[in-house]
Amino acid sequence: MRSGSPRDLADARPGPVFTVTLDGRDIEAVPGRTVAAALWSAGVTSWRTTRTGGAPRGIFCGIGVCYDCLVTVNDRPNQRACLVLLHPGDAIRTQDGTGHDD
Amino acid sequence: MTDRPHLAVIGAGPAGLAATVAAAAHGVRVTLIDSAARAGGQFYRQPAAELNARRPQALHHQWRTWERLRDSLARYVEAGHATHLTDHHVWFVERRLNRGARAADESGPRDSFTVHVLVGPAQEDPVEVRADAVLLATGGYEKVLPFPGWTLPGVLTAGGAQAMLKGSLAVPGRTAVVAGTGPLLLPVANGLAAAGVDVAALVESADPKAFLRRTRALAAQPGKVAEGAQYAAQLLGHRIKLLTRHTVVEAHGDERLEAVTVAALDTDGQVRPGTERRLVCDTLAVGHGLLPHTDLAETLGCRLEGLSVHVDDEQRTDVPGVWAAGETTGIGGAELALAEGHIAGRSAAARLTGVVPDPREWATAAKSRTGLREFFAALDTVYAPPACWTDLVTDDTVVCRCEEVTGGAIREAVAGLGAGDVRTVKLLTRAGMGWCQGRMCGPAVAGLAGCELTPSRRPFARPVPLGVLARAGAAEDDEHQ
Amino acid sequence: MVGAACALYAARAGLDVVIVDRGPVSGGTTGAGEGNLLVSDKEPGPELDLALLSARLWTHLAEDLGEFIEYEAKGGLVVASTPGGLTALERFAGEQRTAGVVAEPVDAEALYDLEPRLAPGLPGGVHYPQDRQVMPALAAAHLVRVSGARLFTGRTVTAVLRKADGTVQGVRTAPGDILAPTVINAAGTWGGELAALAGVTLPVLPRRGFVLVTEPLPRLIHHKVYAADYVADVASDSAALQTSPVVEGTAAGPVLIGASRERVGFDREFSLPVVRALAAGATRLFPFLADVRAMRSYLGFRPYLPDHLPAIGPDPRAPGLVHACGHEGAGIGLATGTGHLIAQLLGGKTPDLDMAPFRPDRFQDDDEEAE
């Protein structure tokens, strides 16, 4: 059986979407989604650049083991986007380098 | 009324759940400690509650088994025999030798354990859970061998794609290639397809003929064979092209993945020149097998065999008071984890209440355990990454993702500076010194250095704030002054 | 490191050098150190003289190798926590100055210019611009490479071969004997074991130390910073746990936190109480570290001899055997001077320092007295 989307497949009926910001710009988030999932849904696949090479990174292992998906949420750097649940008004920021404003 | 002995079970996947239920049913108070918001681990990962998924079983296999476990856990929690601590990230398990303990007295616990945990949305706040014994059901994680372009956004692990799907009901993109080697690739490909992703191909490096060489061991588990056949049928139903004896040689893209090049392998596992072809995709879900999490066990002093925690027939490690079950004792899937967890829980309950257990009481689980271990040992010989994978790693290919250490830097450390083991390569290149502490790059570094992958010692299973570390265990030490 | 330096300077002196290690390059204490090249923590005496000589030699080596070994001329800052401690520290610095150490007193205000993130309320300290840092495992590996010596790793010495007249003629290993008229014992914490293979005693014992490593950070700590009580700990004979905070950044980003000393033999088990003390000490010095994450911890065994001075030089009890070990927590820094002196001795030159305090057989007299 194929569905249009995973939400259809699981017959999910989450509450109303809310707004969070990514680098100051508004994006919509479905309740219950992690930062990574919300960013994917918004078409964003990378939210950090590496310390030495400045290369873009997003999710890799998806389960909190690889620490590739680090992002700044509400001024706290180095949060694993694949683990952190979003709440209304959360501010997500792309991070570079060590995440501590090098 | 005497207090029930207290068992801390770490990990709420199939092994941890089975252990909790078995132990709670037999006279032990259990605290189940898990880092996720809901029980289930990886195999039974549930969508977040706020998603209000009415048909989560559409994403799962063996749903009824999960329902039984979930409901049993709820009953024991309700009855006060079990506590389930969610969003609890264990960074250290401390064994405290009982003051005044004398020679072995089998009638009760002598040591005690403190489980050091980080809680909170940023995992910053300390919690300590004391218990008479611990049961490690810490699971496993994916092994991925590097190839050019694997660090592009859009490339993720097969298990990661599945976790995002099951937990967040999210998919990474529109067109996916699922690649690597291992039984996990099948349900991942099917799952993505069922969720609306166009899965262009399943690229598996194993040789189907290798299955034929192991038919006897494989056929001994008809249930697993049927499961495999079911996956294969679904693959057909979704019209996913299955390319066996193929591998991804490169992932292409500028800021994110745009396509992959796959090629056929000959019988020696080398790339057959001229067979390269380009598959357009925005997602590559890749995996080359699983590795056990063993940090907590190793720091406790548990002996490892190879990369897994050693256990006896009762799932006891060689450290008194420490049991282990599931992937941590050897990769073998959810059903094996259930059997091991059950035995571990029964054994812990017996031993902690001063009873010598009768193994006949878990004979079914033991039989299942034996058969499944053999099955997965056979599978291990079938599912192999391509023999040529180190050749595919160019000098520019990033091998350690965290510290951006390239294949060239690693080769230089080996050839130019004489490094011959993973730790020395780490010291000389920084490969394995980043946030993930070598979990992802360990196998690749070992392969490039031409040596065995040996388990790393990681006293901190998670990065821990120094402020928390500065107080960890101090209160309990003061009590004992 | 000491062995690598001996190989380098011996090779430069024209000798044909073979290095043998039962483990990998930097596999011993070198791979578990912080990479300190310090003059700040040494009182006037032979060790300080060796440190000053070594510092000059490291500066030369850094001209070619500096970028490969994360060499940083960052300087050290020793911080007092009380006015009484500051007075003692300044007195100590005065003595060091007479021996040639550059030691600049730092008052309370200047302290925070040098290290803005130090805990408030500290009375002052002393700045030692001559202190340096390297990444020790890299440094040893590069010294070995540059030496051009033949390197045999994973090869255990099972005997030191001696002729009938007692002179040393090489070592035995499983794949075969390696013959040489000079054998240098640079086995660090295992130097006593190697000496025993040659039939002589060298009472090297292990002193365990833990290091904490944080997540990568921008440059927030500019010097090697430590509390004034570190010096007393180094000189102490106490077997019990001693910790005093030592904190520094690295070129790669993480902050390293030490330092602990215990006599527990070769116990490799992780100790939460020790690491807790290190974290507590570091966060007392630098409160911002409370929110910084520790990623890993490692331990090493410093080789120490009863008088806290290394054994450097030929062993009269086994002609041809030369010792270069027992540098305790200063092996990285003192390696170059040690290697240089050994090369001078092997070449029949007058060494740049009086070698009497480092005589490897100086404990023999103690043994005889004890009988």
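Order of writing sets the labels: A, B and C. Residues in every chain begin at 1.
Throughout what follows, contacts are C-beta pairs under 8 Å (C-beta built on N, C-alpha and C of every residue); 3 or more make two chains touch, one makes a residue touch a chain.
Quantities reported herein were computed from a predicted structural model and do not represent experimental measurements.
Engineer: Work out per-chain C-alpha centres and flag the one nearest the whole-protein C-alpha centre.
Structural biologist: Looking at where each chain's C-alpha mean falls, the closest to the middle is B.
Engineer: So which one's got more C-beta contacts, B-C or A-B?
Structural biologist: Most contacts of the two pairs: A-B.
Engineer: Per the centroid of Cα atoms for each chain, what is the distance between chain A and chain C, given in Å?
Structural biologist: So the centroids are 46 Å from each other.
Engineer: Find the geometric centre of each of chain B and chain C from their Cα atoms only, then give the gap between the two centres in Å, rounded to an integer.
Structural biologist: Roughly 40 Å separates the two chain centres.
Engineer: Cα centroid separation between chain A and chain B, in whole Å?
Structural biologist: Roughly 23 Å separates the two chain centres.
Engineer: If I count partner chains per residue in chain C, which residues reach a count of at least 2?
Structural biologist: Residues 215-216, 293.
Engineer: Mark out which residues of chain B touch at least two other chains, giving numbers and ranges.
Structural biologist: Those would be 434-435.
Engineer: Give the residues of chain A touching no fewer than two other chains, as numbers and ranges.
Structural biologist: Each of 51, 78 in chain A touches at least two other chains.
Engineer: In the complex of these two chains, what residues of chain C are touching chain A?
Structural biologist: Residues 215-218, 220, 253, 293 of chain C touch chain A in their complex.
Engineer: Within their complex, state which residues of chain A touch chain C.
Structural biologist: Touching chain C: residues 51, 78, 97-98, 100-102 of chain A.
Engineer: Given the complex with chain A, which residues does chain B contribute to the contact?
Structural biologist: It comes out as residues 35, 37, 42, 47-56, 58-59, 121-122, 141-142, 151, 153-157, 159-165, 167-173, 193-196, 238, 255-256, 398, 401-404, 434-436, 439-440.
Engineer: Which part of chain C faces chain B closely enough to touch in the complex?
Structural biologist: Touching chain B: residues 24-27, 31, 137-138, 141-142, 144-145, 151, 153-154, 212-216, 252, 254, 257, 269-270, 272-273, 275-276, 279-280, 282-283, 289-297 of chain C.
Engineer: Within their complex, state which residues of chain B touch chain C.
Structural biologist: 92, 94, 124, 299, 301, 413, 416-421, 423-424, 427-428, 430, 433-435, 437, 457-460, 463-467, 469-474, 477
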